[in-house]
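Next come two complexes built around chain A: one with chain B, the other with chain C.
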Partner chain A sequence: MVTSIFFLALAGTIAELVRGQLAFPNGSLLTPGLYEQAVSFHGLIMILWFLSPFGTAFANYFVPTQIGAKDMAFPRLNAMSYWLYVFSGFMLVSTIFLPGGGPQTGWTLYAPLTTTEYMPQPGMTLSVLALGVLAVSITMSSVNFLTTILGTRIKKMRWWKMPAFSWSILFTNFLMLFAFPPLAAGAILLTMDRVFGTVFFSSMLGGALLWTQYFWFFGHPEVYVVVLPALGAIAEIFVTFSKRPLFQKRVFLIEMAAVTVLSVGVWIHHMFMTGIALGVRETFSFTTMAISVPFEGLVIGLVLTLRKSALRITTPMLFAMGALFFVILGGITGVFQASIALDYAYRGTYWVVGHFHYVMVGTTIFGLVAALYYWFPKITGRMYNEKIGKLTFLFSFIGFNVLYFPYFLLQDMPRRIASYAANPEWFPLNLTATVGALIFGPFILISFLNIGHSAFTGAPCEPNPWDAVSTEWTGDYSIPEPDDPEGGIEESENDNEPEKEAQPPPPSIVPSQNQEETASYEEERSTRTYLPVVVAGGVIFFLYGFIMFAPLAIIGLLIMAGAVVKWFHDDYHDKYAEIKQTLKEKWPFETVGKEKLGLWIFLMSEIVLFGCLISGYIYVRLGSSTWPLAAETHNVVIGSLNTVLLLTSSLAMILAVQAAKNNDQLGIKAGILGAFTLGAMFLMIKLSIEWPREIINGFVITGGLAPSTYYMLMGAHAIHVGIGLGGLTYLMAKGFAGKFTPQSHTALELIGLYWAFVDIVWIFLFPLFYLI
Partner chain B sequence: MKKVSLYISIWGLMVAATLVEIYIFTTSLSVQYKVVSILTIAIVQAITNAAFFQNLRYEKKVLSLLPILSIVVLCTLLVTAILSVGR
Partner chain C sequence: MSLPVPPTAVDYWDLFSAFFIIGLVAGGIVVSAMVYYAYVNRRKIGRREFKISRAHFRSRARETVILAMISLTILFSLSVLSDRIAANIQTPPETSTSLVINVNAFQWAFQFIYPNNVTVTTDCRIPVNTTVIFNVTSLDVMHDFGLPQFKIKTDAIPGRHNIIWINVPSLEGQNELTYQIKCYELCGIGHTFMMGNLIVMNQTAFDQWLNQTAVSQGLG
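Showing the complex of A and B:
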């Protein structure tokens, strides 16, 4: 949380500079180049390094607490995700100090502006790599949250009973799982363009449109990734301070699910002006309007929660109501963008800037600042300064509207211009907006200072000062769900009284189910490791070196490899005991351990990643009338041989798992060795026979889109095969030491699953490149 | 032993499916038929691989549907990519 607030301060300061530049028609605070960098950094940092992670910070603390889990499902993965997030942020920010600076493209990084022709500076490449690292970090985080929620809920924490905030995090992480692989795919292709000379985003067949497909397939769901946690927190706050149950909780959650699903089907509305077929645009116009229905349902549900209630006006409640106001205004102005005709008028103007700042900044910052005030006593055991809290809300609210409402009136002013000397009529509204920025920014900062100061000096408070009924406050997981006919917080239509007395103050920690588990948990917690930060650091060193200074890349690689080997070595010696939690809600995963569940979820994200990469290939190939025939460029015999090798390797792997179940040690060794040997043969044939032949025949990576797509997809698959071989090496070490038994062979099963996935990807790549 | 035979049979079927793909590739069918046939076989191969080699057939039905769902997602992405070429 502290890290994300640091990034907020940074991006906020940059925003103040941008507003300073635009306060007067001939602003001279920033040069045009610096202004473009400032706009780009502001957008990227604010959206990706502050807004999303800020919600995730709350989720890290409160999801396990709300659902009665002992911790996140994979604590070390959590640490790894965090460090990759931190380092990727620093990597992005550092580019401003490099020769040529960072990106000057806006946060959308539109092609071909990002190609080396227009942005040759290394800072641009490092920024794209930072995005890729962030996508990896977020995928790790999503796997962790989804496994935690799906697989480690405490007994009796059934689905409908789960608090709204945890539900919002569940939906958010499903979205992240599907939304970030396209960004990663785009980052991979852009990096290849900039480093290896491929032509994905500089060719007429791919180019700007291919990038926008990738970017907005990620970018629109990202809006909901940012907003849903805030809405979940607002729901919790409204319930607490109105003493009313969430209005029609089941309907509310179904609407949230609908928003989640629909949000991945609206991205083309960001591309109405690109000349995509009218039928496609009309379809997406409809889906964009359709998503507003469940979204407004969410808003109405929140409003009706407050009806006939005796509101307690506290700082969190004020910020939450402010967020609700902003989401309504931002939502209404968003519906305009669903119209193709209006989009032509507003796209690229300050109207759109106003709209998304109301949605993303207003709703999310106010919603999550409300959450910070709301959960502050739970986190620290202290109370913040209420007077300062209310005062900061008042001025933040005023400042925000003074800052962003004029944008709706600047609907003819283009975005991303550093001066407007030719249009002095825009001056009064711009000056007003800058004054608003000078109010809003400092008062939000004061809000955080109030919280920070109170963490040390605030008066100690009761464990449940708000008389909240949610599980993270009460520690009572046996409360029936609101719609449960057996009882619970019944919804009453005819009185103003709170339906249920608050639960007695709980202990400040989540009660454990039994002493044995608690002791075990404490013991496991003591098994701390520094390896996640070392691996993440190694990754960043490697990437810096890869772009800037080769020896650094070698150092990074060595650090990374050493840390990974140490990690496997520790695991080999069973250093990391599992966090045991026997009393769980298991449906529908009774037969699945959390490791397997986590791997399945990870493989889902991998499927989306490869789906995006393959889609990119099909996209450019179908647009071409001169694509070389497969038989002319690739050897079908070699491709077929490799297919049989990989299929047989998968068979060997599953036979090894079967042998472990039967305690057949010889079978285990033979299976793993066979899988490894066949996999290694696959890779050797590809790297030492097939690719050299193709390169000699002139099929080189820089030779156009056909080789670009081929080497990109084959390379991505080969890297996965290489990782799988690393896993198989680890299995061989364990297998030959006789460490697999019918009761203990999880690693064998997990790497077997991964190996089967690698096989499945090849099943698609083989016909797409060798036969069709 | 029974399960081992099953896995070997599945492997044999998948190798055979690969050979059928190659055979279709060499026939004089129209490009559309070739593409549809070969990709259909690939999808069936992928589902078979997921269901058997990932041991999903021993899981509950709701879980067994996961690989099918994943492959549907993949195919949806492919179809969307194809549709959006209409530019």
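Showing the complex of A and C:
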């Protein structure tokens, strides 16, 4: 959380620079080049490195507490995800210091502006890679959250009883799981374009629109990823301070679910001006309007919660009400943009900027600052300064409106321009906005200073100062349980040391397992490890080196490999810890252990990723007038042979799992060895026979869209096969040591599952490339 | 000297007003409800008990559905209204007198190609009282060809052609009218300065200009 506030400060400063530049028609604070970098960084950092992680930071602390789980389902994965997030952020920011600077493309990174032809600097490539790393980090974290919420809720925490905030995080993470793979797909293709000379986005044959499709398929759900946690927090705050139950909680949650589902079906409204068929746009215009109906329901539900209430106006309540006001204004202006006809006027103007700042800044920052004030006593056991709190609300509310309301009146001003000498009539409104920014920025900063200062000097308070009824305050999951004020300092909320928050579960929870839980808590303490940070560091080294300086890449790769081996090595010896965990986490999903659940969720995101890559291939293929025949470019015999190899390998794996269940050690060894050999043969044939053959025939990666898509999809699959082989190597080591028993073969099952997935992907790829 | 408001802008403001009034009423009700409830229910210390009654829940659920239906109907009609206007913006009328101009956006200007192959950049001249069709594409990265005073624009995408059209307003006693052309998609560091003029002239002046330019460009 501290990290995300740091990113906020950074991006906020950049925003003030931007406003400073635009205060006068001939701003000279920044050169156009620097200005465009500033808007790009501001957008990227604010949305991706501040707003979403800020909500997630709260979730990391309060979701487990609210649902009665001991901690996140996978603490180490959590740490890994955190470090990847931190390092990717630094990687992005560092590009500004590299020769040529960072991206000058806005946060939407529209291709082909982002291709090497127009943005040759390495900073651009690194930024795209940073996005990719972030996507990986977010996927890890959503796997973790979903497993935590689905798999490790306390028995008594029934679905309808789960607090609104945890619900909102559940929806958010489902969205992340679907939204980030398209971004990753886009980043993969763009990186390949920039590094290997493929032509996905630079070719005229439909490539330019491909990026906007990918980006907005990610980008629109991302808005809800940002807003939903804030709404969840607002709901908690409204309930606590109004002393009323959430108005029709079930309807509220159903509406939230509706928003979640609809949000993946509205992205075309960002592309109304791209010349897509009118019928398609009309459909999306209507779905966009339709999404405002459940949203309106959410707002009305919150407002009606205040009816007949006994309302205490505290700082968090004020911020929450402010946020609700901004949802209303931002939401209504959003309906304007849903209209295609009005969008002909709004596309690319400050009206749009005004709208999304009301939604993203207004709702999310006010909502999450409210959450920060609200949960502050819980996190630190101290009270913030109420007077300063209320004062900061007043001024940031006024400042916010002075800053963003003029944007609605600047309907014709284009976004991302560094000066506007041709239109002096825009000057007064821009000056007003800059004045607003000078009020809003400092007062938000004062808010954080208030919090930071009170964390050390605030008056100690009781465990439940708001007299709240939700579980994270009372610790009452409908069974008696002592209150537990947590003494952790704010940083401990970060994912890097999640173990600190884990508390010994009170004796009353499921008494029969009590002993074991306490024991495994001790064990978990011992799982605190530096490995995730090393792996993440290795990844970043590798990527830097990859782009800038090759030896660095090798060092990075070595660090990464070393740490991963060590990680598995730990697991190799710690097998006993795993057994207990699988036994323990059984309640909601009787037969599925949390590891398996996590892997299934992860595979879901992989399916979306491959889905995106494959549909990208289909898209460019359908958009091209000519496409080389499969028979001319690929050898069906080799392809078929590989198909057989991979399928047999899967079969061997299944046999190994069966053998483990029957405690047939020889079967296990044979199965794993068979699977490994066949998989390795597949990869060998691919890399040493098939590809060289094709390259000699002139089918090279830079040779147009057909080879671009071929090597991209085959490469992605081959990397998955490679990872699978790595997993199989580990299994071999373990299998030959005879460590798999009928009770303990989770690793075998998991890697087997993954291996099966890799095969299934091939079953789709084979006909797409070799037969059609 | 004020510029005549083009017909597309008139349509825009009509539609905007419809959205604005509905939005103002809906937003006004919700915001005032929030402020009102917050004001009348404010307490120093609150001790009211939580009560959940299922009967209460059910009756409210019905109202929610009715409310959702009403808003859906309103939104649907707004959407139909907008779609009709949108269809109009992008479907040019079938007249033989319309002037088709190919617009090529590039880093960082707009290029206009007239039917007789006369090619100019930045300033696009058009005659009064005609229908002008812009056939927009890009030569390099994504741009957006925008006519802010007309309240219409379209993306300029490499490899694709997008069409918008305008009814050119009459001069209303003035010699020339100059409307702005701007790029509305970030297209590199020159984006800020990527603009042009749409200059409306009377028919004779336009014909004269077109012929002169044709001659000077060797198109005879």
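The criterion applied here is as follows: the second predicted complex is superposed on the first by the 715 of 772 C-alpha atoms of A that agree within 3 Å, B and C clash if a C-alpha of one lies under 4 Å from a C-alpha of the other, contacts with A are read in each partner's own complex, and residues count from 1 in each chain.
Everything below uses one rule, namely that a residue touches a chain if its C-beta (ideal position, glycine included) is under 8 Å from a C-beta of that chain, and two chains touch if they have at least 3 such contacts.
Source: prediction; values computed, not measured.
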- Put the two structures on top of each other at chain A: do chain B and chain C fit, or clash? fit
- Should A:665 be classified as contacting the first partner (chain B), the second (chain C), both, or neither? neither
- Message: By the touch definition at the top of the document, which applies to A:635: first (chain B), second (chain C), both, or neither?
- Response: neither
- Query: Which chain makes contact with more of the residues of chain A, chain B or else chain C?
  - Reply: C
- Given the touch rule stated above, what does A:344 touch, chain B (first), chain C (second), both, or neither? second
- Query: Should A:311 be classified as contacting the first partner (chain B), the second (chain C), both, or neither?
  - Reply: second
- Task: Applying the touch criterion given at the start, work out whether A:653 contacts chain B, chain C, both or neither, answering first, second, both or neither.
- Result: first
- Message: According to the stated criteria, A:274 is in contact with first (chain B), second (chain C), both, or neither; which is it?
- Response: both
- Scan A:677 for contacts with chain B and chain C and give back first, second, both or neither. neither
- With the two complexes superposed on chain A, say which partner A:243 touches: chain B (first), chain C (second), both, or neither. second
- Task: For A:766, select first, second, both or neither according to whether it touches chain B, chain C, the two together, or no partner.
- Result: first
- Minimal inter-chain CA distance - chain C and chain B, angstrom: 8
- For chain A, give the residues common to its interface with chain B and its interface with chain C. 209, 274-275
- Of all residues in chain A, those that touch chain B in their complex: 178, 209, 213, 268, 274-277, 279-280, 588-592, 600, 603-604, 607-608, 610-612, 614-616, 618-619, 622-623, 636, 640, 643-644, 647-648, 650-651, 653-655, 657-658, 749, 752-753, 756, 759-760, 763-764, 766-767, 771-772
- Task: Would you mind writing out the residues of chain C in touch with chain A in their complex?
- Result: 8, 11-12, 15-16, 19, 23, 26-27, 30-31, 33-34, 37-38, 41-52, 57, 60-61, 64, 67-68, 71-72, 75-76, 78-79, 81-87, 89-90, 107, 140-142, 144, 146, 148-149, 151-155, 157-164, 180, 182-193, 195
- Query: In their complex, what parts of chain B are in touch with chain A?
  - Reply: 3-4, 7-8, 10-11, 14-15, 18-19, 21-22, 24-25, 34-35, 38-39, 41-42, 45-46, 49-50, 52-55, 58-60, 62-63, 66, 70-71, 73-74, 77-78, 80-87
- In the complex with chain C, residue positions of chain A that touch it: 32-33, 35-36, 39, 104-106, 108, 110-113, 117-118, 203-209, 241-245, 247-248, 250-251, 273-275, 278, 281-282, 285-286, 289-290, 292-294, 296-297, 299-300, 303-304, 306-313, 321, 324-325, 328-329, 332-333, 335-336, 338-342, 344-345, 347-349, 412, 414-419, 422-423, 469
